[in-house]
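Take a look at the following structure, please.
Chain nomenclature is as follows: A, B, C, D and E, assigned in order of appearance, with residue numbering initiated at 1 for each chain independently.
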Amino acid sequence: MNMVDAVPLPWVLAVAAGLFCIGLFGALSRRNTVGILLGVELMLNAVNLNLIAFWRYLEPNVVAGQVFALFIITVAAAEAAVGLAMIIAIYRTRLTVNADEVDSLKG
Amino acid sequence: MNILIMVIFVVLAAFTLAAGVMVVTVKNIIHAALWLIASFFSVAAMYLLMEAEFIAIVQVLVYVGAISILVLFAIMLTRHVTGEGVRQLYKRWWIALIVAAALFGVLIVPTVFNYEWAVQPSGAQISIASTVEIGTAFMREYLLPFEVASVLLLVALIGAIVIAFEERSTRRRVLTLAEEVEQRRQRNESLRLAPTTHASETSE
Amino acid sequence: MTVEFDRGKAYVVDRGQPKLRAGQGMIAGLDVVIRHFFSAFTKKLETPDETSGVFTVQYPEERLAMPEAFRNFPILLFDDTTGQELCTSCFQCERICPPQVIHMTQAVDPTTGKPVPAVAEFMIEYDACMSCGLCAEVCPFDAIKMDHDFELATDDRAGMTVRKADLDRPVSYYETIAPTRWAEVKDGAYKKLQGNIKRRSGSIGLSPRAATAPKKAAPAAAKPAAGVAKPVAVKTAMPMAAPGKNMSEEKLARLLSIRAANVAKAGGAAPAEAEEVLATADTDDVAEAPAAVAAARPVSSGGIPFSADNLLGGVPANTTMAEDKVERLKSIRSGNLARRG
Amino acid sequence: MLKTQELQINIGPQHPSTHGVFRLVVTVDGETIVDLKPVFGYLHRNHEQLAEVSTYIQMMPFTDRLDYFNSMANNFGLAIAVEKLAGIEVPQRANYIRVLMAELTRILNHAAAVAFMINDMGAWQTPLAFGMREREKILDLFEMASGARMMCNYFRFGGIVRDLPPDFMPLLNDLMKALPTFFDETERLLRENEILLLRSEGVGILPKEVAASYSVTGPVLRASGVPYDVRKAEPYSVYNELDFDVPIGSVGDIYDRFLVRIEEMRQSYRIVQQVIERLPDTTGGHINPAMASIGKQKALKPPVGDVYGRVETPKGELGFYIVSDGSARPYRYKVRAPSFINLTPIGDMCRGHKVADVVVILGSIDIVLGEVDR
Amino acid sequence: MLQFLENIFGPSWIVSLIAFLISTTVILIVTPVTFMMMTWFERRIVARMQDRLGPNRVGPAGLLQAVADGVKMFTKENITPRAADKWVHLIAPLVATGPVIFLFAVIPWGYGLSPVDINVSVLFVIAVSSISAVGLMMGGWGSNNKFALLGAMRAVAQMVSYEIPAVIALLSMVLFTGTMNLNKYTELQGGLPILGNTLKDVIPDLGLGWFVFTPIGLVGFMIFFICILSEGERTPFDIPEADSEIVAGYMTEYSGMKFAVFYMGQFLFNYALSMVASIIFLGGWNFPGIPQLISIAPPIGALASAVVLGAKAWFLFFVMIWLRGAFPRLRMDQLMAFAWKFLLPLALINILSAALWLTIMLWCTGDCTQNPWVFTVGGINPLGWLGNSPVLRQLVGFVLTAIINAGAFFWLLNVNRRPAGETPADLARDQAFGTASLP
């Protein structure tokens, strides 16, 4: 009646991998830094999906999988906060948000 | 009953991937953010399907509740520069596409499907770790990572504020009438007290 | 520092000493509101010395009594018994009216051509009148008084220019709404009326309202008729009642001409009915009616020194007034002007 | 936080909280106001030009429309000015009734002004409902005496139109019983309210010198600490026979104006009490016999010359400057409208505050557009 | 609700499907009716507070007023601003109102009448209630109107900054009771005001052991109620659609049914959160007669408990209307300063006192070798004198936490107070800089 015998594990992992690759493509191809951040968020989500799938299919009684997923969520939140703060700081000085226009290191 | 769960899983998976593709390809950055929220939702639904109740709700709380609003705020504050006209993708975006597709098709899918996972036997009634165990695990085995995570959050909090915040002094503050009158009175007083020295008129 | 005046001083308002405010002020405010809440269920506020209880007056069902001094729009009075109007068209109210909304013409004895102390055509633009009551004060013959009826809503702008036919009210009606005021001026008014009736010949001073409303009719009958008459659709029908048998020939002609003028005026507002009504009266009669009235205009004492241009120019070009009303207004004013010469 | 460029907002003529048709062009940097320019004139009815083509008595009903909240006070102003010009004596009883009506108007206006200001702060019409309830009672008294609730046209040169109707005094005595509870209730509801203190202390401060230099008058000036009241500075009518105090503020912010208005209501209540005591044994009729009939009023031809009669209306000092050339129509007729002059410092007062404060500051000055645009 | 359906029909998954369908339709019928009743109730009650009658023309005592409003909303034209982002404009009300209806899935209506019984329902309420902020943002941005965007930014900033004290207040109660399941809260709040069920055998269960009588519960309830006011945009905090400044906040460009959906979302959000508040703080469906009635005749008891819980929620809504009738509105910066400088510290201290209460309750006296809740200072057990009678511990806990909470409350008031003797210029600077967070 539960998920384990309804859907085989590789399917879930495939979906997570798909999501990961879409996120990767997003992160690599977007010019807008916020777009890149969105891509990174997708990748982190895909990783979380993997973790929960492994926890649910392989050892549901051990709680490590869920705890680790929680840590990833906190890190993702912290990373999003700092990333966006940086984007706003860059925008305030350079008046642009496109990654390729802010690649010069000089003042 | 299994077919029902399979159907639900396929629907959710399709929706998540579709939302993901939309996030990456849609022109308007605001729409991209909204599609991202949609994908967060469907991922949370998948967690529920896998009976990871606590994680699903935390995912909704953290991602949909907080991060998406953060992203929307950031887009609002920086929006008027990134007009629609600006090209959204790099000129050589297809290279990234090939890399991602290759990573997915060649590398991950074969390994995932060929490796037979030690899936626990079906029908075995194994107790699933519920919220209480997560709580106690945080306090026992994972106490150190828990503290490190909280320190990390604190640092991120302060860092974000320091980076994004502009000092109050540089912000040109408009004086209210009462303050102006007060300043004028003080200046007159100082002029009266020290008429001999040449009081340079501070530019108002 | 408080400045001393004679019989009083200037004191500084105390702003309350800075104390730890933990919401006491807000709770006191809540207490006031909750008291009103409970009293609103039990009490209804009648006399002015209460400060709580529901004070809503549900308008159509419950009505507040109008104090006697209440003034809304001016009305003309006519004596119940003789049907004679008190107004002698002395132009006093037209002169004093601040927004200049009263227009009248003096009646002329058709046989001798001399002016008669009665009013031929009386018109008040209700939409511009600001009900200040100066006309009622200044009228030497107590012919114009302020009415209490305020339910005058109408959807037709032309309807707001009220003619004598709708302005007339029997004296008994005014007596019901303002007994003490009428009692003060009653005998003076009647004495002057008797004097004027003697100098009026034939049916000059008769109020159109008196002709249609039966003598004995209680004022209430007249008032709703006036109320009912207000909406335009019915208005054109009201004077259309078949002319009474015992009316003199000449009076019938005058009545017809006034009705035709009304119809022509109302022509703009209700073309449909007007068509079939006009069919009965011959059209040329209508055309020359205003001219007849204008020609019949007598010369009377000087009015406000209108300069020709501000007067003629005074009529707003883009007015929505019905077409003939504009000419009528111009003719009356040019008539006044001519008189003043 | 961010470098924001200045934004221009129109708190436009049809904005829900401007008291009548009036526009504020506000330049805003983020949430703080950099500059503010009032734009008015939408309600101009050339009141002064109208006077030059009307006789003096015809002007009386038009003064009702100046500050349509207190028509009796406007009538009082014109009456005082013309009586000073023509040298008309006013009998004692007429003067006492005039003061009674003026002070009732002050209570009515301040009850509404305070209520509208709190309403602008966001209190959902509850203080307004209580204020309007008392206002209705006073308006019923006016209707009984003069014939109309708001457009009273009750004053004549040399007295008033008619004496008080017999059932006026009992109702007035009932009202005098209700007013103290209304004052206490408003004070308990609002005076110590923390949110009101937060929104009004230190907002829209008009220092004493600036108020005097803008020649602001009325509660706004007294709230800034200047003890100037026409009833005390140049006592007209019988104000020199009545004792009352003049409340003044210390800081000059919105909270002071609110308190000054509440105190002024209490002082007016005191005056009305004294008038009620002295009314029965006043001498003289309701109007100077020489000017008793409307005919004489109509034919009034004041001597050549000019006069400046001023009256303390609830909004401030209402002045009538009339130049007469001996004919029945004034040659020049100028109205010093207090709302118009109290409105001019709003640009300075709002600078540096938030957009939400502009509306409350406007409410605290208590203007009526009829008087501003004339 | 599901059990008795189970044994009537055949295979289990059809039954659960039908059961869930029934409970969702019940919710989807009850919530809009509650919304209509709320609008009518609010207008009548505020009218009575202002000495007037309120709507009494449409239907008996104005009851059909809400229906009339509904019909008006249906017939009003649904305009979409031309240059606006059509899709975002359309979806915004759904995203703002959907989660609110979602909330009702978890909130029990009475004894046994809980649509879904998951054991993390408090967390679920918090998570879902934070989604509607996204809807507001979409609404503001979608209508392409300068004022709407300003209003949306303000609304979201306000909701986010008031969500944190709300979450922490609820957290202190979760810590206090140990469970996150809304259905369990009522059993824990039976018995006597402070002592709860400890004297169950001596005094019959009076059903008055509400958490609001304990100092932690009182402070928690105050903070949570203030946060309900600001999340539901009720009076002291209804900045986003403050009519006096920006016309109608993020709802400016909405008309017809879209506006009605936003409006319903706001009202139901108030009702749902006041239901949660009455369950957690005001003792759910506990009332002197109810526990006995439930034990005797469960169906009647369930009905009575639904009535009692509804009465408490409506009383909280009455208090919201009462506040709306009496208070002016806070300014945006004062509102934020109040949340961050007063509510948040108070909530944190409240968690501290909740933890203290727990240590006192669970402190081990006598021989407690492996019990974690003990440490000995220099060989002696500092709280040894507590003995093991729960009543003494509860009283000691009550006194200690009361001192801490009261002290924190007044200390915070003092810290935020404006310094005395300020000159006009300082007063003006406080207002301009927004440092005056309390008078």
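The criterion applied here is as follows: contacts are C-beta pairs under 8 Å (C-beta built on N, C-alpha and C of every residue); 3 or more make two chains touch, one makes a residue touch a chain.
None of the values given here were measured: they were computed from a predicted structure.
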Touching both chain B and chain C, which chains are there? D, E
What is the chain whose Cα centroid lies farthest from the Cα centroid of chain C? A
Between the pairs A-B and B-D, the one where more C-beta pairs touch: A-B
Could you put a whole-Å number on the gap between the CA centroids of chain B and chain D? 57
Between chain C and chain E, what's the gap in Å when you average each chain's C-alpha atoms? 61
So, what's the distance in Å between the C-alpha centres of chain C and chain A? 81
Distance from chain D to chain C - Cα centre to Cα centre, in angstrom: 31
Can you list the residues of chain E that touch 2 or more other chains? 49-52, 325-327, 418, 424, 427-428, 431-432, 438-439
Can you list the chain C residues in contact with two or more other chains? 21, 26, 29, 32-33, 36, 45, 55
Spell out, as numbers or ranges, the residues of chain B touching 2 or more other chains. 1, 54, 58, 66, 73, 77, 164, 166, 173-174, 176-179, 181
The answer for chain E against chain C in the complex is residues 45, 48-53, 322-323, 325-327, 409-410, 413-414, 417-418, 420-421, 438-439
Residues of chain D that touch chain E when the two form their complex: 7, 9, 16-17, 31-32, 118, 120-126, 129-130, 133, 189, 193-199, 201-203, 205, 207, 251-253, 352-357, 359-360
Quick one: in the complex, what on chain C touches chain E? 18, 20-22, 26, 29-30, 32-34, 36-37, 40-41, 45, 52-56, 58
State the interface residues of chain E toward chain B in the complex, per the touch definition above. 13, 85, 87-88, 91, 118-120, 123-124, 126-128, 130-131, 133-134, 137-138, 141, 149, 153, 156, 160, 163, 180, 423-425, 427-429, 431-433
Any idea which chain D residues touch chain B in the complex? 1-3, 29, 32-34, 202, 205-207, 209-210, 348-349, 351-353
